[in-house]
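Right after this note come the structures.
Below, chain A partners chain B and then partners chain C, in two separate complexes.
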Partner chain A sequence: MSDQVRIPYVAREKDLKDLHLSQVAPEDQPKTALEILGEMLKYKRSLKLYLDVCTHCGACAEQCHSYLGTKDPYNMPVARVDLVRRVYKQVFAPGPSILKSWDGAKAIDQETIDLWYKYFHQCNQCRRCAVFCPKGIDTAEVTIAMRELLAHIGLPSRFHAGIAKNMAKTGNNMGNPLPAVLDGLEFLEEELKEETGLDIPIPVDKEGAEVLFNPSSSDLYVNTDGFMSVAKIFYKAGVSWTLSSKITETANFGLFFHEPTMREHSRLLVQAGKDLGVKRLVAGECGHGWRTWRMFTETINGPLPFPVIHLFEEVLDYLREGRIQFDKSKNPEKVTYHDPCNYARGGDLIQQPREILSACVQNFIEMTPTAQYSFCCGGGSGILMDEAMEIREALAQPKAECVRSTGAEILCAPCAICKAQLPDVMKHHKVDVTIKGLSDLMGRALIL
Partner chain B sequence: MADLNVNGVNIPLDEDGFLEDSDLWNEEVAKALALTEDVEELTEEHWVLINYLRDYYQKFGVAPMIRKLCKETGFNLKKVYELFPGGPAKGACKVAGLMKPTGCV
Partner chain C sequence: MNILFAWVIPYIVILLFLGGMILRILSWLKIPVPFKLTVFPCPQTGAGVAADFVKESVGFRSLWRGEKSLWFMSALFHLSLAFILIGHFFGIGFLGQQFTWLGASSETSLNLSVLFGTYAGAALLLGLLLLTIRRIGSPTMKFISSFADYLVLVLLLGIVGSGMYMRLFHEVTYEAVQTYLIGLLTFHPVPFPDNMAFIFHFTLVQLLLLYFPYSKLMHSCGLFISRWLIVRPHERQVILK
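Our next item is the complex of A and B:
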């Protein structure tokens, strides 16, 4: 890339070192990228399959919020993956070269790398295209692979690399050192006391607790109402729980671009659970983090001595057993629900949040489309960089129209990325709605 | 973003306009950073926020949780946005010379 600045910004050399990555000279990038792609094709069978079986039918194009929002033809899932497919056909696919050129094959060059960087950072890995593809091609898998490839030629985004570095240093994405985490938790205990008059504990490293709760670190910075609600629910249900000082992060950004980070994050959580001797791990509100825990933890770090479950599954148990009750009148507003992509299309969480909502809010209305057909917020896969704000706003356009048409006052979006993305982009699209987690609504309605 | 020049001293900024080196912060630098955040004049109320952020940062190395910032300065979130239109993380932290809070924020 010549003098243009890449959006999002590329990681600096000092950030790469901590992830055991290094910069590759621009002139060497195409060659190195080809070598990595060749290796990936050997062990990522899904990647090879998706490159082979696309018929270019175009069923994905109009289902992708990225294309709908940006109107950039490269953001059609078929075209995005073709940026890799054309190189794959040229180099790795069988057949005579004359047929390959008719089939769109193209040699890799520096421009290819530029296009990969740009367009694999405009895919939210939301998997909506996969719901509509007759061949079941999951572009998210291709984006994950291509971001991994880019990372290994020194081109992860600065935002993602910085977060992975924070995670490795502190056990949370914000890079909060333990004394700061503990200071914040002590403050929240005082807040709980002031609000309820009760001594509601936030235990840390409590050995033998029943539950190890793993929040998102943003719950301890900005979404504190939701976190305090969780403490209230455990208190009311009489469940012994704890946080771990080793890890206060469900959001596993490694999934988006760097498999070693993803694996290490998962290992850290499992180890924390084993060290504390808990009966189960409970994940807080985070879409992709949940997908990682539910779908990959057992494979990567199994066999596990305990189940990994979601907060909503845990709360539903309490509700059904009558251990907690809600007073719906505390949430009288018109509430609609945004399905985080990785709950609805990657984590088996569609009905559970709705069952909770119907118990704790008075006026719940569905959005259209909904559940596995729901549109991404536009922040998925960690596209939360300030420098990418114009793109984020465009990516959010289809969702904004869905929310607007509900007329809801509250948009329940139980995922830390969605909560970071939606306030800015809803404001940009002039949708007047307040964003809340499901925990926030549960906490308001909980009868203590 | 272009670096700051404060009384003849070059102060490097990152692309988001945050200090590359927090140790280079002083009150004059704060005033120059405020201008980049559309804050023309730092009033007493601005300094209450800035000083709280600086103290917390020196003790813990990060920004305080927003709820705590509000509680201990006595400013609600709306007031914080009035003082720093960029908000507590991206506006106030920048002027106070802190690192930019990152993650799902």
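Our next item is the complex of A and C:
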């Protein structure tokens, strides 16, 4: 398959350079891959355990939206991990080789690398399998490790490498240079003035502000209503806040395939907060970005000088203290809530968005399954490439059925990736629903 | 021959089994855990984690969340296996007299011991057969199964089958087994009880123990270490009311 086109597209050489990665000649790839796998097994307990303790019971198969949507047997979490397990058994597992061959051990070859590339880009790192696996095997961990390995043999996807490059150059994933960012913000301020008649500021680099707000950069250009809602809420609650000109991105794509990128992204934001002397850092609507801040930042960047909290926790505080009020009648539609994987399973945000929803929406209905059992939108872990549209549509099929059966008019999906994925795939599966962030709904209901 | 199989090999097997198992467990524990991998909602305390372990290892809760038929087969198999192992300890250790502690007469106690053993053995056999049928019965299960998965089932079927055969058709007395095992434990070995079914049963168990540290059966120990990764209580820098 190596001379065919891989889906998603592989990064070009110039994309790799910016990430300090380099291409490895195809004939050397298996050998280099083994070296990297060996290293990873020495510092990732999860990886070694997950390769050792699986009993091939198959409990994960019917729980994986990727398998349900594609019906490709390699997309069963157990079979996906077996692609690595067979190499692990061959080279790294203890014991006589006859026993290992009974366990499906197989030498690594170019075809193995092709399969890795293909199937570890059809896992959304949603972690639903970990909820249903009796051993708690979290396939996302294996996918993260294998994407990292692929990146180090010169095979990250072009899309991911491009985003990491944008981030390094401009401080946001969209790759917008600072003047363009500032222009856009000015425009949004004017919009706010026009809409509300009030002077609602969008401060940038305001030293000594209480809150450093870090949105997803897509919210500044695509889902602007949600971002303007946040400005309104801070204004109404009387909180002094600011954006940073150094970084306007909460979505940390490094988590998906490249640890150094993840670390650098986190470092940049923490540094921005220190420079501005803020009291806390509030993360905007982004699932995996939130998981990185909530779970990993302290580990990779050392003790933090201020807490990192989520926009929903912040808003919930205002709401409970009575600093802001919502008028439910502004959101009369039937609304259902999509739990972004990295909010529910990954980041402990299950009750908070629901409490906000029940305060600002008239007609809220739960989806089935929900909360930590919720299906992924199919775009998780940055599977948002245009060339992978067919795969994305298949991965989204289980979610589409869940949304359809609620009969909701609005699907609240407060995550930048979900917001990018869901409109296309819902249309493909003929589910008639409008996708909105939770901020959008809060903004509509906010009494100014 | 008798010296080798009845006296020498059992010691080697038990050493390889325990040593291999401990080495495997240590090989996991010595690797660092760089990131907090908690899957939410998660327990808030150490007691909560212990409760999770119990729910998972006794109640098979994760399986209950999914396919109920797999939950039934798995629970039936594992729980009756646990019952049988405990039964072996008490039945052979106390010659079936363990129920006299609860006030039963000596004869009743022995009858109860035999009765429970028979039913638990039948349940274990049923669980195993169901799991075997499940594994060979569907193309998806075939796709994810390797030779080792079938091998473990065959070994267990042989062990349980020979156990039931002894129970129902060719009894070996508790006393005979106890005498043999005590001989081994006190390093004064005596010959095997005169029963081919027993020798078959005992040999298969040894094969399974030998294979244990290199097989997926290590999930019995690894389960708790891998679940710890996703359920350990997560301390947060800030907890909002």
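Definition applied: the second predicted complex is superposed on the first by the 446 of 448 C-alpha atoms of A that agree within 3 Å, B and C clash if a C-alpha of one lies under 4 Å from a C-alpha of the other, contacts with A are read in each partner's own complex, and residues count from 1 in each chain.
Criterion: a contact is a pair of C-beta atoms (placed from the backbone, for glycine too) under 8 Å apart; a residue touches a chain by one contact, two chains touch by 3 or more.
Values in this document were obtained by computation on a predicted structure and should not be read as measured data.
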| item | value |
| --- | --- |
| Chain A as common anchor, with chain B and chain C clashing or fitting | fit |
| Which of chain B and chain C A:375 touches, first, second, both or neither | neither |
| Partner chain(s) touched by A:117 [first = chain B, second = chain C, both, neither] | neither |
| Chain B or chain C, by number of chain A residues touched | C |
| A:218 touches, of chain B and chain C: first, second, both or neither? | first |
| Which superposed partner A:234 touches (first chain B, second chain C, both, neither) | neither |
| Touching partner for A:61 - first (chain B), second (chain C), both, neither | second |
| First (chain B), second (chain C), both or neither touched by A:9 | first |
| Minimum Cα separation, chain C to chain B, after superposition on A (Å) | 24 |
| Chain C-touching residues of chain A, taken from the complex the two chains share | 41-46, 48-50, 52-59, 61-63, 73, 76, 78-79, 82, 93-96, 99-104, 127, 130-138, 141, 280, 294-296, 298-299, 304, 307-309, 313, 316-317, 320, 344-348, 350, 371-373 |
| In the complex, chain B residues that touch chain A | 15-16, 60-68, 71, 89-90, 101-105 |
| Touching residues on chain C, where the partner in the complex is chain A | 23-24, 27-29, 31-42, 56, 60, 62-63, 65-67, 70, 74, 140-141, 143-149, 151, 211, 213-216, 218-219, 222-223, 225-227, 229-231, 234, 236-238, 240-241 |
| Contact footprint of chain B on chain A as seen in their complex | 5, 9, 159, 162-163, 166, 172-177, 179-180, 183-184, 187-188, 191, 216-218, 220-222, 224, 251, 286, 384, 386-387, 416-417, 419-420 |
